[in-house]
Amino acid sequence: MARALDSDLFHSFLKSKVTVVAATGTAILFLLAFLAPWIAPHDPFDLASISIMDARVPPVWMEYADPRFLLGTDDQGRDMLSGIFYGMRISLIVGFCSVVVAAFIGISLGLVAGYMGGRVDAIIMRIADVQLTFPAILIALLIDGVAHGIFGAIDREVFAFYILIVSLALSFWVQYARTVRGSTMVEKNKEYVQAARVIGIPSVIIMVRHILPNVTGPVLVIATINLALAIVTEATLSFLGVGMPPTQPSLGTLIAIGNDFLYSGEWWIAIFPGLALALLVLNVNLLGDWLRDALNPKLR
Amino acid sequence: ETLKFAFQGALNALDPYSLNETFTLSSLGNTYEGLTRRGPDLAIEPALAESWEIVDPNRWRFHLRKGVKFHNGSDFTAEDVAFSVDRVRSEGSDLTTRVPADAKVEIVDDYTVDFVLTGPNPILHYEWDTFYIMDKEWTTENDAVKVTSASDTSANHAALNANGTGPFKIVSHEAGVKTVYEKYDGWWDEAKHNIDTVEFTPIGSDATRVAALLSGEMDMVYPIPVQDIKRINDNAGTKALTGPELRTIFLGMDQMRDELLYSDVKGKNPLKDARVRKAFYQAIDIEGIKKKVMRDLSNPSALMVSPLLFSKSADFERYPYDPEAAKALLAEAGYADGFSIGMDCPNDRYVNDEAICQAVAAMLARIGVKVNLNAQPKAKYFAKILASGGYDTSFYLLGWTPGSFDSWNVLDNLMNCRDESGKGSPFNNGGFCDEKIDQLTDEILVEIDPEKRDAMIAEAFRISHENAYYLPLHQQSLAWGVSDKLDLVQRADNQFQFRFVTKN
Amino acid sequence: MSVLDIKDLRVEFPGRKSVFVAVDDVTLSVDAGKVLGVVGESGAGKSTVGNAVIGLLQEPGHIAGGEVYLHGKRIDQLPYKEKRRLRGRKIGMIFQDPLTSLDPLQTVESQLVETIRTHLPLSGSQARQRAIELIEAVGIPDAPERIKQYPHQFSGGMRQRVVIALALCAEPELVIADEPTTALDVSIQAQILELMRKLCRERNVAMLVITHDMGVIADITDHVAVMYHGELVEYGETTQVLGAPEHPYTQSLISAVPRPDIKVERFPVVNYIEKAGTPQKQIDIATHWLGKARDYEKVSGPLVKATDLDMRFETRGSIFPSKRKYFQAVKKVSFDINEGETFGLVGESGSGKSTIARLITGLYQPTGGSILFGKTELTSLKNRKDVLAMRRQMQMIFQDPYSSLNARMRVSDIIAEPIKFHRLASSNAEVRQIVDDLLDHVGLGAAAGRKFPHEFSGGQRQRISIARALATRPRFLICDEPTSALDVSIQAQILNLLKDLQEELGLTMLFISHDLAVIRQMCNRIGVMRHGELCEVADCDQLFEAPQHPYTRELLNLMPSLELLSRANLATA
Amino acid sequence: MIGFATRRIVQAMIVMLVVALLAFTMFRFVGDPINQMVGIETSIEEREALRERLGLNDPVPVQFFRFVTKAAQFDFGTSYQFRQPVSELFAKRIPATLELSFASAVFALVVGIPMGIYAGLNRESPVSKLFLSVSLIGISLPTFFIGILLIFLFSVTLQWLPSFGRGETVQIGSWWTTGFLTISGLKALILPSITLGLYQMTLIMRLIRAEMLEVIRTDYIKFARARGLPDRLVNFRHALKNTLVPVITITGLQLGAIIAFATITETVFQWPGMGLMFLQAVQNVDIPIMSAYLLLTAFLFVTINFIVDILYFFIDPRLRVGRP
């Protein structure tokens, strides 16, 4: 720990004020999201606790406000503040899960492609090409459509989450695969890999034990940026109607709902979740930016 | 003058018999005309038929208007009427019910046509304002006699072009992008409008549609979200027109299956129990929905038909909103702890449809019923809950406007028994079956005395109300956004007719 | 008056915790037509001096004191614009790596022309004419044609010539060459040095040559400055400094240079370096783990016998066999290595030395020929158990100490890996004991095991590599240029260690190098390679004294003359 | 060059075939197309006849072959919604989408590249930090939200720019319509292309900055400075050009993404392009349009990638064709 505090990375971190602010911001937002069930004043997922008569109450500093609802309520009478906490939680969980799945697929395929080379590499990279022709939105729409086609009516509340994760993961893995493949091709020619081969260690172990830890730097950077991207993409998908269901709103769903109330003067329904999303994405991105520069030895 | 307007959906087919859907029929009503038409107050007026008489109970005689010319210049005659009747009843038409299948058409002379029925039918011509007459020659010449139906893989001439007798002709049409109309100078009626060109653009996004009106790019847009009405009224140069619509929004429940498709209750169907249905009814705070979701632009309804269409509406009253009573009813029925149920809901069909469903879900949650809401775009929604989808639903929200503006249509379509494939009342998705209502429906059809007829209708509605076969919610309001430059008529059937428009 | 005068130069790199003084109190001068050499260990501040003169110190480095004069005019305080005008026009700079010093996306011509036109008032065609002349002057044939090509179409040596041409194109009065030949082969190095010498003479430029190669110093410099830890420890005429070094660092540095002429038992170690590595703990091999289980089957003939080895690489793949292109890296090579001896392989870069090492270790499959290890034919081993058994008997030490250790593993894990993998120890405690012993044995101390590789210097890392190679208790050790990335002083330590180990453990070694002097010190028998072929195999002394093959003779001639050094050595030895 | 080009074309064709397989699978398995086509009343016999007529009873490989051969001739069947040949529908919509994508790509490049260069060269300057932070807005908010905010600001409040559609278009040749030639067409392009291009602009700017930071630390840049070349020459001639190589790859990929993201922008601005049609098709389960859209975007993407690879030949003499 002491060593970590004394490291160059940590000092470059402290030197960049923007990053410190971003990290603090991220930490606070993450905490708010994950502690939502304990700190949110209301439970927006508990339908029995919300009342339509509380709908569209403005934030407390405006006329006709209700002191129970600090940031007002949405069109169903859900507390905006609690909705944002819970929504952020869902957005983050979707983001995290999709990034983890994407990273897992991408890293495995990238390692194999880079290490094996030749035909295996060509096949994996062509699959990646096919994948690249389908951005996340298309994939989500297609998966949603296919799921409907195959399972008939599906239960949105249950499946939306998985559909989102699969489609986001499917559209993100290529980046990891390409990056890892590139670094693997460099690493595999390094002498430590040859040393391991001379010892007689099998390829799989070499890939996992020796190469993998040496190619994770860039992966970390992609992951932070993808986390932000996943959250925004999920928001877009909500707008298209294939995001989280309105009964379990993510930040994106909240914005998509609030969208309808932008002109009618109930701006808080869209603007507060929008601000929360922007803050979250901005902070995570700023951290990712800094990490990208800090981990790049060429820039030191 | 040029009129620019936007609607939320697209005008896909130009064949007047392809699709029985309000907007399509409304759009084509500016180009085509029927034997009758409806005025600003929906009263039936003569159109291509100058007058008609019931020669004997089974024979109706229509005297056609003389000197009417189609847009392509050919004359309108009895031949065209007979041809249109055949065509509208042919395979592929979506409007086959406009003329009873067993009715015969007899051409008396060039300008007189007789309809021979197999039994009396006092409402034969009620829907004929949207049964448009086509030109026999034009249709035959262009090889478009066959109606372009849903199963056709290519569209014929009539689906891509239009040739009617109406006040406007279509000069260009790109489905989903833009349709341009031009004034028809040879129209038989005196033009009260001052419009030369009409440009229609579909704009799917509510916000964009409203923005287009606010920024002055559009003269008229509809529908507008209820929440934006205030803004449109506050904005200089635009106003919102609202008015009662004939459509009734209601909730339906599966009362046919022995076990619900989407519920945690196994082995039995709780919705077959009238107490459960009534509990649902009383759990719904309709005033709350009216105030908060509909922003007072709705009329809570105890009936499955608009009070404007039925004289005895005032006799019916909703069961009061009473969650405690609802809980008691549930407990009585053996569901003291509630249960869960899947609910289907469209999200782009009716005014605030999804928000209503959400509100209902929250209200039912208060009496212990957990609703899993599945809100989808209308195409997917209808494909699921209607006959074509095998009535794949347990609990759903639907809206109904009787096309004939008469209660019989409601009984016939929504309240009679049906079998699994939909024979009977095809839109009775819940599939409840009450012999008494079926019997009344048959009697009402042939009853000519209005007093007796209304009494029988009231009886049928009373049975439905008492058993809570449906949970009627409200009649929604029309909401159009209109530029101050425009003077127009907002008809309760939500049809937008250019002939009522003046622009200055 | 000298061309360049440096007075009391001090360069600082402000760090996070303290200010790092890279150069302190350095005073130098260079005259026209003369060459000043700057030597010293890696990190002594040599490059920093050069960068300070031309004003290209990397941020946050800055000149913290002292003055720099060019022709008596102070230049270190000039504003940015004027300093920039000096670059190229008055001071030319040549960097170490010709492969990365040229913009890969511009033709040689355009890089030359833009530089010429920046400094000299010439028209486009005049500049082009001058560019061609310059390219001819540095000895590249077909200049008008070649100049239109891109850097990647030139060989390394030619690229370094282009770099020199670029540095000279505006006729600077001072040329700073920062390790101009380190990345090059001996033969090309000789040509480049000859070229620089000629330039100096003919154009009367002053030259500052930075290097750590004593051979280069002895070859071309008139004066030499020796730097140690940012300070100038000795400065004077080359003959005098090399012949009679005064400062102990200079003395030990010179003594560590391997001599091609006489074979010594051990290299004199640079004892001036304070942290020269803790002295090895002597262990009794007979009782120790390393010595145990060395009961390899005795072989009658040679331990390794390579016959007609062939290796070709596919350089262009195609689905049509006729369209494929191959490169023959090793052609019909045969040699034997006897148990207990050290066999050396020399030859220029790319001659196939490493390829042979990899063929023997099984990293590559040969396209032809056979390798016998004892009685086992290596090329046809299929059974995984046999393969592993072979792997255990053979280990390799790699050239680059920086990339041969996995940066993400602790040193103890790196060394333990082969032990665990081959199940050479029965318990974790035993593994730990063995690792500690090995670390002690290579002179690092058991405490080093808890650290990560980046916490070690190049020489220390090479020791870790050696410990790892020993961990399987091998019988045959392949050393592929184990010291070419290291300083002479550290090289001496490593070579000593290898010699000791061989004596103690009776290892058989294949020692690969392009440095003839090192080969001479290490090997019993030597093979000389060129273009994938083995030209000559001979006993060490015989090869140096009476080379048979013309290529061997050429190689021996190319070695920078170390006469001056030899004398010095004799003095200290 | 020719060998390289043919190899790329073969690979592109394989990619297209795989996409075609996906599109075809969707065709076959996402709901029964017959159900989408016929009404409630259609009898079982009629359905069966239609099945036979459409060839849905043939073996799957035969159907796939037919699908591919037809697709290769730009025959994607008939839209369920519009009952018109999908290819005709697309022909009308493609110009709108391509013009929008082009405009936003130009916006992204013209704004992104100079800002990226500036931020790369002046790493510590407050202006470049401002660029970086402000541009993050482009990726912090979902596209649709930005679009609606822009409409709110520029159409509703200021009434400067139109909120929907392409404005007036001019017909060029038999099927291309362009909005570039009329004032209203150009005005209509502004908001959608900013909305669509903002994300790519941010990305390109950050990419150029990162590459620039690396390139200016390379030896050849150091050597160029040591030769006394003026900064302008060093930065633009040497540094920028070397920066471009990786940037072109990503930009090429991004162009593909632009076309996909156009669906959302087109919805928000009611832009009559193929993205809008695609989304409507998704809502109406109009599978012929969906699969044609897939194939078309894949085709555009593959073409762009091919062009990018060819561009390398002109930018990088070393023919760095191996992907990173």
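Descriptive notes on the structure:
Just so it is clear, A, B, C and D label the chains in written order, and each chain counts residues from 1 on its own.
Basically, a residue touches a chain if its C-beta (ideal position, glycine included) is under 8 Å from a C-beta of that chain, and two chains touch if they have at least 3 such contacts.
A quick note: this is a predicted structure, and the numbers were derived from the prediction, not measured.
Under the contact definition stated at the top, the chains bordering both chain A and chain C are D. With each centre defined as the average position of its C-alpha atoms, the distance from chain B to chain D rounds to 40 Å. Rounded to a whole number, the gap between the C-alpha centres of chain B and chain C is 87 angstrom.
Between the Cα centres of chain A and chain D there is a gap of 23 Å. If you average the CA atoms of chain C and of chain D, the two centres end up 50 Å from each other.
Multi-chain contact residues of chain D (touching two or more other chains): 148, 152, 156, 267, 283, 285.
Among all residues of chain B, those that touch two or more other chains are 207, 211, 214, 377, 380.
Of all possible chain pairs, those that touch are A-B, A-C, A-D, B-D, C-D. Against chain D, in their complex, chain A makes its touches with residues 18, 125-126, 129-130, 132-135, 137-138, 141-142, 145-146, 148-150, 178, 182, 228-229, 232-233, 235-236, 239-241, 252, 255-256, 259, 262-263, 270, 274, 277-278, 281-282, 285-286, 289, 292-293, 296, 298-299.
If you check the complex, the residues on chain A that touch chain B are 46-48, 50-53, 55-56, 75-77, 148, 152-153, 155-157, 241, 245-247, 259-266.
Residues 8, 11, 190-192, 194-201, 210, 213-214 of chain A are the ones that touch chain C when the two sit in their complex. Only residues 11, 14-15, 18-19, 22, 26, 29-31, 129, 132-133, 136-137, 139-145, 148, 152, 156, 206, 210, 213-214, 217, 253, 256-257, 260-261, 263-264, 267, 279, 282-283, 285, 290, 294, 297-298, 301-302, 305, 323-324 of chain D touch chain A when the two sit together in their complex. Those residues of chain B that touch chain D in the complex are listed here as 6, 10, 12-13, 94, 148-155, 159-160, 174-178, 201-205, 207-209, 211-212, 214-217, 348, 377-380, 383, 386-388, 422, 426.
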